[in-house]
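Each of the two complexes below includes chain A, the first together with chain B, the second together with chain C.
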Partner chain A sequence: MRRYFRLYLHFLQFSFSKAMEFRLDFFFKIFMDIAYYSVNILFFKVIFLHTPLLGGWSQEQMMIFVSTYILIDAICMTVFSTNMWWLPYHINRGDLDYHLIRPISPLFFLSLKEFSANSFVNLLMALAIFTYTISNYPYSYEAFDLILLAGLILNGALLYYCCQMLMILPVFWTQSARGFMDLFYSIGIAMERPDKIFTGWRRFIFTFIVPFSLIASFPAKLFIEKFNWPTFLHVIGVSGLFWMIMLSIWKKGLKTYSSASS
Partner chain B sequence: MKLWWKDVMAMEFRKIFAYRSDFWITFLGQIFIQLLVTVSLWQAIYQGNEVKTMQGYGLEQMALYYLVANIGMRILWGENIGFISREIYEGTFTRYLLYPISFFQYKTISSLSYSLFYSTQLLIFYFLYHLFFIEAGISYGDLSHLFSGVFLFLLSAMLFLQLAFMIELLALWVDNVWTLMIMVRFFITFFGGGFIPLKFLPNWAQDLLQWTPFPYLIDLPVRTILGLSTQNEMREGFFLILFWMVLLSSFVKIIWSKGQKQYTGVGI
Partner chain C sequence: MIEITNLSKSFKSHKKEPGLKGSLKSLFRRQSVTKMALKSVNLRINRGEIIGLIGANGAGKTTLVKILAGIVHPTEGSATVLGHIPWERPNEYRRQMSLIMGQKNQVWWDLPALDSFLLLKEIYQIPLDQYKKNIEFLAETLMIKDQLKTQVRKLSLGERMKIELMAALLHNPQVIFLDEPTIGLDLSAQKAVRQFLSEYQKEFSPITILTSHYMEDIKELCPRIAVMKEGEIVFDGPLNQVQKMLGDQKVLTVTSDKSIFKLHVPRESLAYETQQIFQNHNVIDLNIQDPPIEEIIESLMKGGTTS
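Entry: the complex of A and B
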C-alpha cells in the first residue's frame, strides 16, 4: 500500500512539471473548465426564472446538487480523465505490453499515472463553489449530513470512473472505443440532471442500468432530504456491483489482449 | 480538375463510414439518450407548474426543439476539432500548400461534407419523429419550414467554419487550440440556444445577444424548422449570417497571411 502511495506521489510530481512546460495550454484548460462551470450554473439559474421548484427542489437545493456534480466532475477530470483518454490508444497500439510486465497493478498504473495539474486548479475552484453553496444553504443540516455527502462524492467519482471504464473496455474486442466514449459523454448529461425528473422505465435505466443518477443526484438527495437507508444502500450496492463488473471485464480483456497491433 | 470537390466529398463520406459500429452507436445512442434526458427534464417542469406551454413552446415542440438542436449542432460543428491544428502540429499541413487548389476551398468542401451528412440525419429523424409522435403528419408548410431551416443551418455551419479557421490557425503560434475550440463550443451551445431555447433567457440578455452571431447559429434555424420564426426574422437572420461570415473571413485572411510565415513544415 505504502509503495503505491509513494508511486502516486511521483506521478503527481511528474504531472505538475509536465503541465508547466506548456503554460499557455495550462491556462487555456483552466478557462475551459470555468466556461463549463459557468454554463452549467447559468442553465439552472435560467430554468429557475420560470419555475419555483424542479423535481421538488428549490433553487438553493438545486445548487447543492449542481455544486456536487461539478465537484465530482472536477475530481474525475483531475485524477482519471487524461488516463481514460489514453487507455484505448495503449490497448490498440500494443503499449499495454510495457505496463503488464511492471511489478505493479496495470489497472492502478494506467488509471492514475497522469494527474491533470491544470484540472487541479479547477478542482480547487469547484471546491470553492461547493463550499460557497453549502455556506449559503438556508435549510438546516447536521455535521453527519455533510460528512456523508463528502463520502458519497468520493463514491460518485469512483462510480463515474467505473462507468467510463466500462465504456472503454470494449476496445479490447472492437478496436475502436470512440463510439462508446461519445456515448458515455452523451449519457453523462444524465448525471447533470436531478434523478426525480426520471420516472418509470427511464428511472430504472438511470438508477440501475447506467446509474448516472447515483453519481451526484442521490448523494445530494441524501443531504437535502435527510438520510434514509434504502437510498444509501442503493448507492453503495450498485457502486460495488459496478466495481466488480468493471474488474471482471478488465481481467477478461487482458486475457483477450494479443499484444502489439492487436 | 473542375470536379475535385466531388472527390473530396466522396473521400470524407468514406471516412465517416469507416468505423460503422462507432457510427451507429453515435447516431442512435447519443441522440436518443440526450432526447430522453431533456424531455424528462421539461416534462418535470411542465408538470410541476401545471402548464401546457412555456414561452410559446408546448412539450411536444420542446422535444422536437432539442432533437433538431442536437443534430443541428453536428451540422454546425462539421468536421471534428483539430481538423487543421492537428495537421499543423504533425507537419502534414504541408500537403495543402502543394495542392493545386486553395487550402480554404479544400477545407470548406471537406467540412461541408460532414454538414451535409448530418443534414441527412436531421431529415431522417425529423420524419421519424413526425411518424411516431405527431398525429397530424407532415404538411406542405412543415416541409417548407424544414428545408428553410436546414438551409439556415448549412449557412450557419459556414459561418462557424470561419470562426473555426480563426482558432485552428492559431495553432501556427500556440501549442494547443483544442481547449479554445471546446470553450467556443460551450458558449455557442449556451448563447446560441443549444442548452435552452433563447426565449427562456431574460429580455435584456436576448436583446444583448441580437448584437452577436450566436442566436443565428442554432436558435433561429431550429425555430425555423419548428415553424416558429417569421419571414422577417429569417430574412434578417440570412443577411446577418452573411455579414458575420464576411467579417470573420477577413480576420481569417489576416491570420493566414501572418501565420503562413510561422509555419516550418516539420511539425512540433
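Entry: the complex of A and C
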C-alpha cells in the first residue's frame, strides 16, 4: 500500500514537471473548463428564473447537486481522463507487454500513471465552487451529512471511472480503436441531470444498468433530503457490484490479450 | 534454471479475402485459421548460461520469449523458470526477471532517464545503496553517464538502447530475456552493447536468452545456440558443434579468367576435386575455407542441407 502511495507521488511529480513545459495548453485547458462550469451553472440559473422549485428542489439545493457533479467531473478529469484516453491505444498496439512483466498491478499503473496536471487548477476551482455552495447553503445540515457527501463524491468518481472502463474494455475483443467511448460520453450527460426527471424504464436504466444517477444525484439527494438507508445502500451496492464486474472483465481481457499477443 | 517441456502455442486468426466483397463475406461467415507458433518445444537452460535463439522471422522466437516472460499463455505443455510458472506472473518471479525488446520502449520518452529509474526503483523496491551502486556500474560500463539527465526522446537510437538496458538491469535480474537488443543500431553501438552484455554476464552470471538476427551477436556472446524453424527447435547445442553437423566439408572459392564460383566439397575428395578444377579451368585464384557458420545456420533454418 505504501509502495503504491509513493509511486503515485512520483506520477504527480512527473506530470507537473511535464505540464510546465506546455504553457499554452495549460492556459487553454483552464479557459475551457471555466466555460464548462459557467454553462452548467447558468443552465440551472436560467431555469430558476421561471420557477421557484425544480423537482422539489430550490435553487440553493440544486446548486448542491450541480457543484457535486462538477467536482466529480473535475476529479475524474484530473486523475483518470488522460489514462482513459490512452488505454485503448495501449491495448490495441500491444503495449501492455511491459506492464505485465512488472511486479506491480498493471491496472493501477495504466489507470493512474498520467495525472493531468493541467486539470488540477480546475479541480481547485471546482472545490472552491463546492465550498462556496456549501457555506451559502441556507438550510440546516449536520457534520455527518457533509462527511457522507464527501465520501459519496469519491465513490461517485470511482463509479464514473468504472463505467468508463466498462466501455473501454471491449477493446480487448473488438480491437476497435476507441471501444464504446462515444456511447459513454453521450449517455454520460445523464450524470448532469437530477434523477427525479427519470421515471419508469429510464429510471431503471440510469440507476442500475448505466448507473449515472448514482454518481452525483443520489449523493446530493442524501444531503438535501433526509438520510435514508435504501438510497445509501443502493449507491454502495451497485457501485460495489460494478467495481467487481469491471475487475473480472479486466482479468478476462488480460487473458485474451495474453493468448492473442505474439 | 529454465525447464521447458512440450511447450506449444497456437493462434487463431480470421482469413479475409481482399476487397470490400471479402470484408462483407467475412462479416457473416468467418474462416478461422489456426497457426502453430510453437510445436512441442523442449529446452533446459542452467543458471549462468547464456543461450542464443536463432531463427527466421516468424519461427517462434519472440513467442517463446514472451511465454517465458509471462506475457503469453501457452496452449499446451509446461515451463518453469526459477521454479515459477511464468504466466501465473507471481510478483516473486517478476522481481527477478527482465525483458528487453529492441523494438519497444519501456522508459518514458518525456522524462530524463534518471526519473524513469527512480520509478523503477520504487516498483522493484531496490534498496538505495544497491540502486546507487547499480547506476554507477551500468552507466560506467555503458559509457552513458552524461546522458542520464537528458530527455530520452532527445537521445540517439544507440544511446536509447543503452538506457533501456540500464532500466532493465537495475534490479539485478536472475533471468534476462533479450529480444533483438541490437536491432537498428550502427556497428559501433552494436559492439558496445555486445561488450557490455558479455561483461554483465561475467559479473552477475544470470540466465540469459538472446534472440538476434545478427550472427555477430550470437557468435560473440553465446557458447550455446538453439535454432528454431517453424515453431520447432531443430538444433540445440554448442555453437562450435554446428560446423560439424554437415560433416567435414570445405568451401572452395575459385576465380578463373571467366567466372567466380563456390563449391562445397567433402574433405576426403578435396585433392581430387582441386585437380579437376585446375585441369578444366584457367584458375587465377583458389581459396579453401571451412563453411561459415551463417551459411550452416541458414540452411538449418530453411531445413535443407547446403549443396
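The rule we apply is simple: the second predicted complex is superposed on the first by the 254 of 262 C-alpha atoms of A that agree within 3 Å, B and C clash if a C-alpha of one lies under 4 Å from a C-alpha of the other, contacts with A are read in each partner's own complex, and residues count from 1 in each chain.
Operating definition for what follows: contacts are C-beta pairs under 8 Å (C-beta built on N, C-alpha and C of every residue); 3 or more make two chains touch, one makes a residue touch a chain.
Remember, it's a predicted structure, so these values are computed and weren't measured experimentally.
In the superposed model, A:31 lies in contact with chain B only, and not with chain C. Of the two partner chains placed by superposition, only chain B is touched by A:183; chain C is not.
Within the superposed three-chain arrangement, the count of touched residues of chain A is higher for B, of the candidates chain B and chain C. Contact with neither chain B nor chain C is seen for A:221 once the two complexes are overlaid on the shared chain. Judged by the touch definition given at the top, the superposed model places A:46 against chain B, while chain C stays out of reach. Residues 11, 37, 62-63, 66, 69-73, 75, 87, 89, 91-92, 94-95, 97-99, 101, 104, 106, 108, 110-111, 115, 118-119, 122-125 of chain C are the ones that touch chain A when the two sit in their complex. Only residues 22, 24-25, 28-29, 31-32, 35-36, 39, 42-43, 46-47, 49-51, 53-56, 174, 176, 178-180, 182-183, 186-187, 189-190, 193, 196-199, 202 of chain A touch chain B when the two sit together in their complex.
Taken in their complex, chain A has these residues touching chain C: 3, 6-7, 10, 14, 17-18, 95-98, 100-104, 255, 258-262. Residue ranges of chain B in contact with chain A, taken from their complex: 19, 21-26, 29-30, 33-34, 36-38, 40-41, 43-45, 48-49, 54-55, 174-176, 179-180, 182-183, 186-187, 189-190, 195-196, 200-202.
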